[in-house]
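Can you read through this structure? Questions will come right after.
As written, the chains take the letters A, B and C, and residue 1 is the first residue of each chain.
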Amino acid sequence: MSSLPESLREKPLVEGRVTLADLDEHVQSLSETKPPRSWYVAVAITSLVALIGLASVGYMVSHGIGTMGNNEPVVWGFPIVNFVFWVGIGHAGTLISVILLLYRQRWRNAISRTAEAVTVFAFICAMMFPAIHIGRPWMPHWLLPYPNSRGMWIDFRSPLIWDVFAVFTYFGVSILFWYMGLIPDLASLRGRTKSKVKRKVFDLLSWGWVGDARHWLQYEKAYLILAGLTTTLALSVHSIVSMDFASSILPGWHMTIFPPYFVVGAAFSGFAGVVIVFAFVRTTLKLEGYITERHMDLLNKMVLFLSCVMTYSYIMEGFTAWYSSNGYVRYIFANYVFGDQWWAGCLTIFCNCVLPQLLWFPKMRRSVPAMVTVAAGVTLGMWFERYTIIILSLHRSYLPATWGTYLPTPVDFMILLGSVGIFLTLLLLFLRKMPIIAAWEVKPDIVHYQAKGAEVEHA
Amino acid sequence: MRKPAYGVLALFPSADALLKAIPKVKAKGYAKLEAYTPYPVHGLDAALGLPESKLGILVFLMAAFGAVGVFAFEWWANAVNYPLLTDGKNAFSWPAWIPPTLEGSIFLGTFTAALAMLFVFNELPFFGHPLLKSPAIDEITRDRFGLLIVPSGASFDEADAAAALRAAGGAAVETLPAPSDEKPDAAWWTRTALAIAAACAVAGGATAFAIRVFPTVKPMVNMEVQPRLDAQEPDPFFANGRGMRLPPEGTVPRGELPILVANLDAGGRVLIDPLPVTARVLERGRRQFDLHCAVCHDRLGTGRARLSSVYSAKPADLQSSTMRRMADGALYWVISRGYNTMPAYAADVSPDDRWAIVRYIRALQRSQDAPERDLK
Amino acid sequence: MSAATTNRRARALWAAAAIGAVGVAATYVLDGAPRFWANWLVWFVILACVALGTLFLVALQHITGSLWSVPLRRVPERIAALTPWLVPIAAVALFSLPAVFSWTQPGADKITPLVLKSAWLNYPFFILRLAACLAIWVLSYRLLITRSLRQDETKDPKVTVSIRRFAPAFMILLALTITVFAFDWVSSLEAAWYSDMFGVYLFAGAVTSAVAATTLGVIYLHRRGRLPGVTDDHLYNLGGLMFGFTIFWGYIAFSQYLLQWYANLPEEVFWFQQRTSGKMEGVFILLMAGHFFVPFLGLMTRSDKKNWRRLRGIAIWVLLMEFVDVFWLISPIQGRGLHLSWPEAAFALFFLSAGLLVILRAMNRGEDMPVGDPFLADGLKFHLR
């Protein structure tokens, strides 16, 4: 093996000499010790931001939709932009923990738990937006098919109803998957705690998990089945979100490539979000031994790959807009980059197609400032992509008589900011209150790479 | 008789050690073994001879049920029970039903996988598991690998089993006592019942409170409360004080011909049925009659509908000889203008529909008093 | 297998190809140019799809560095030997331009949507694009595969490094060229129609059929004992890939259909109308059931994917469905009705036996496994967890 060129040699996914007990000591203890003062300060700030957002929601609900910028012709303003944005962020967790599991990519093990948490929290933020945007947020049950005094059913032909089904299913399944992965770790937390009450609580939460080989057999089977089904689910959810737009006949929305393009976009923004989270987490919580440079390198490769697919989609969209030879479609696409809000379209292209090309250089994939810059750029770019698609398409539709402008109000911005606050608050709580690495998945890797390391040393 | 132990447990330092120990222990004649590990160890299922999981079949069945169920429901709801015809699509627009079908299938499949794994196949929770009372469990969930010999046969000896485990490299050997199979006592049942009752009471009270309070809370009232005149509101701006304007003298609404005859008899003489004699007109009349008239006059026109018993006014018996003799135009006049306590229906029923109703009343009358030639 | 059997097989294929060639020529004479060209294009597209799909599989393995596929890699590398043969097939296909493409027909310069596209759809640019695509494909074939064959002797791991360097670039080129190919050679037959998913659609079918062809090749070699060390677990991964790409194809096909059906725009939906009404409705239903549901249900469980017999059956079925798919895309340009009779059989006979001849010859090129690849040993050790 010594004759292998450097670039072909496999780098270990666990660095340094660690034992199984060390992993618990490093990772699980995070949820048991008292966090530093800076953590409290951070939580205070983010929860304040979250509260401002929630107060704005309250103001909006009591005073009406008119307090937001939504108005004819741009009836889907910030709320839907934010909804699609957050759903997108949420996709990375599923893709990392599920698709990479099916492809037996070991490097997912160390990052899956936190990525799944990102999914759940992003979904909480995402679901807020359609809920407050339906006009009468106190009647969300009207979206469900139940026998009612009106004697009629919801229209299953409506993509918005598909959306309801998709988003609720996805949210439920994400939590289920997350929780199921937590069960063995909760059992190991039970073993660590000194407090009798906590022991009882962890015992209940892990359903008395004892690690029986027969249980593990069923558990792994269920985990794989769940992964398979959730893959289909993840593909379908953002596809269905895209069909909210693509099944219409609005120029700029009616594009057959929308379903896969939205899925890829979702994964793209999600991976960028996960890069930011891990760039921060691995140094702050001193987890470089488990979330190694190789992890970050692979994550950044995913970002690069997805950026290329995004670029392909943009090219296809632009080309087909021209190729359709439909004047309205041609106009709307020209308007994205040359129109009154040209900066939105251009920013999208720059952040999503140009900036990530930096990651072709291995150095950039390993430099924290570079990767955070790219990832932040991608997050911004993906937000503006949704802004471009939703708002710029709506404000210039078929008839010039229906053209209008869209002006977001302070309420719009505060709710957006508030959703970021909610997300960060939940994430910070998670990072110090729950097992952030799936220990039962990383432990076999430790054994594997320690054995390999010993082999190399021996040789 | 002393209850047999649950088993004899030993701990091993690594998965490899455990896998190597199993054949050694098996060779000593202990066939029933159980293993406890901190993570799923591959090869363990083969070493222990565990059967393959049947979970997949159950999940497949449930996912298929979810797909078929959701699709069938969509079809029934949108094509049969209340056909929604929008977008120029067929009532049976299957492509649009696929996305919810997929989601329903996945929802049922995933939840079946997780819940059936936990509660059906693994028979969790088992809080009485003897291992949970032993200090060994805390090591097993961290980094130790447990092997348990389950007693089988009459000649089972704990000391022999312990020796076999030690010989295979196991440490911290201990005997796990059998789980207690005590039934909960009466006090436990009382406590549980009281707790459930209390929870129900709190939930019920909260619901009652919520229902009382929340319907009165109306968020976002600015659609309802806005500076505008609603129908029939007064307004001092106009000379006659009415908020609503009257149409100019002599205007006729589109599609409406005002009935200028003053009374029933004149109506009978002047008004003439314009509709053709077709089955469709009768069908239309039946529909309109059932919609508007049958509540009081009964579906056969006898005037003895369900409402009449609670209603002081007596609806006319359309089968009576007076009604049979009444001219078509007169009936039409009554429907349009109202009679006694019967209100005018001109605002609710279009002229053609009114004529169709008249036509249907005639058919009803004939149906209840058919001449013999009709019956042949 | 002895050389004699190979020769016997080759002779039979030569004979079949000759009979097919007669039928192909007879089609032109007896049934006219449109029928001939429609069939020619069907087979041009199918062979291009299989060749590009196998190139994709090879590049995919280099990019991901997956170990399990190393011992099997020679099979897609050999099937990709079809790539250079695309050049003569394409050269003949160029003569179909004036015959069946809607934008070349007399009067096309009066139809506004076609006029607006004429900057893209005109003879010089169209031929230039084809030449560029073919050049890229043949060059990539050389860079990806010829070098890998040479590695058998040199055993130089640096070759692996440089192929891995090239693979990402190839992926980008493939994405662009297969899209151009799909738009030019399938979509522009009805030049008024457009769907920006179409490149992805053709790609999904291409990879599914390439996996199926690879599976057949692996089973063929394995049964003759030429792939020692390849186990059920390797096969399982091929089954998994076929299963995955079947779902991907179903997803893309359904999304494209749903969105155009839903929006109901005349400039789009007429294309589906042609392909779902009349006798084509049967083909459409067969496509849905056969291209998606049969492999989906047939490969669902783990033991299905390890079952050699079943996998062989499904792989043949998937390739048949690739034909149905491309036939469904292209055949309706001949007008209403289902055009399926002896000319189609003759074309199938000709191109199948000629294609098999190419693959059979390639099967004896180089070692049966990439013995020079430094990861071959690791790949043979592969076990499912």
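The rule we apply is simple: contacts are C-beta pairs under 8 Å (C-beta built on N, C-alpha and C of every residue); 3 or more make two chains touch, one makes a residue touch a chain.
What you are looking at is a predicted structure, and each value in this text was computed from that prediction instead of being measured.
When the interfaces A-B and B-C are ranked by C-beta pairs in contact, the top one is A-B. When every chain is reduced to the mean of its C-alpha atoms, the one closest to the centre of the whole protein set is A. When chain centres are defined as mean Cα coordinates, C lies farthest from chain B. Separating the CA-averaged centres of chain A and chain C is a span of 35 Å. Separating the centre of chain A from that of chain B, both taken as means of CA atoms, is a distance of 31 Å. Computed from the mean C-alpha positions, the centre of chain B lies at a distance of 47 Å from the centre of chain C. Chain contacts: chain B has residues 56, 87, 89, 96 touching two or more partner chains. Contact of a single residue of chain A with at least two other chains is seen at positions 232, 243.
Shared interface positions of chain C, defined as residues touching 2 or more other chains, are 258, 262, 264, 385. Of all residues in chain A, those touching chain C in their complex are 3-5, 7-8, 102, 104, 232, 235, 239, 243, 246-249, 254-260, 308, 312, 316-317, 319-320, 323-326. Put simply, chain B touches chain C in their complex at residues 42, 56, 60, 87-89, 95-96, 98. If you check the complex, the residues on chain C that touch chain B are 254, 257-258, 261-262, 264, 300-302, 385. Remark: chain B residues 14-15, 34-41, 44-45, 48, 50, 53, 55-56, 59, 63, 73-74, 77-78, 81-82, 84, 86-87, 89, 93, 96-97, 99-100, 102-104, 106-107, 109-111, 113-114, 116-118, 121-122, 124-127, 129, 131-132, 137-143, 146, 214, 219-220, 222-223 touch chain A in the complex.
Within the complex formed with chain A, the chain C residues making contact are 112-114, 116-117, 120, 157-158, 160-161, 164, 171-172, 175-176, 179, 183, 194-200, 240, 247, 251-252, 255-256, 258-260, 262-265, 267, 374-375, 385.
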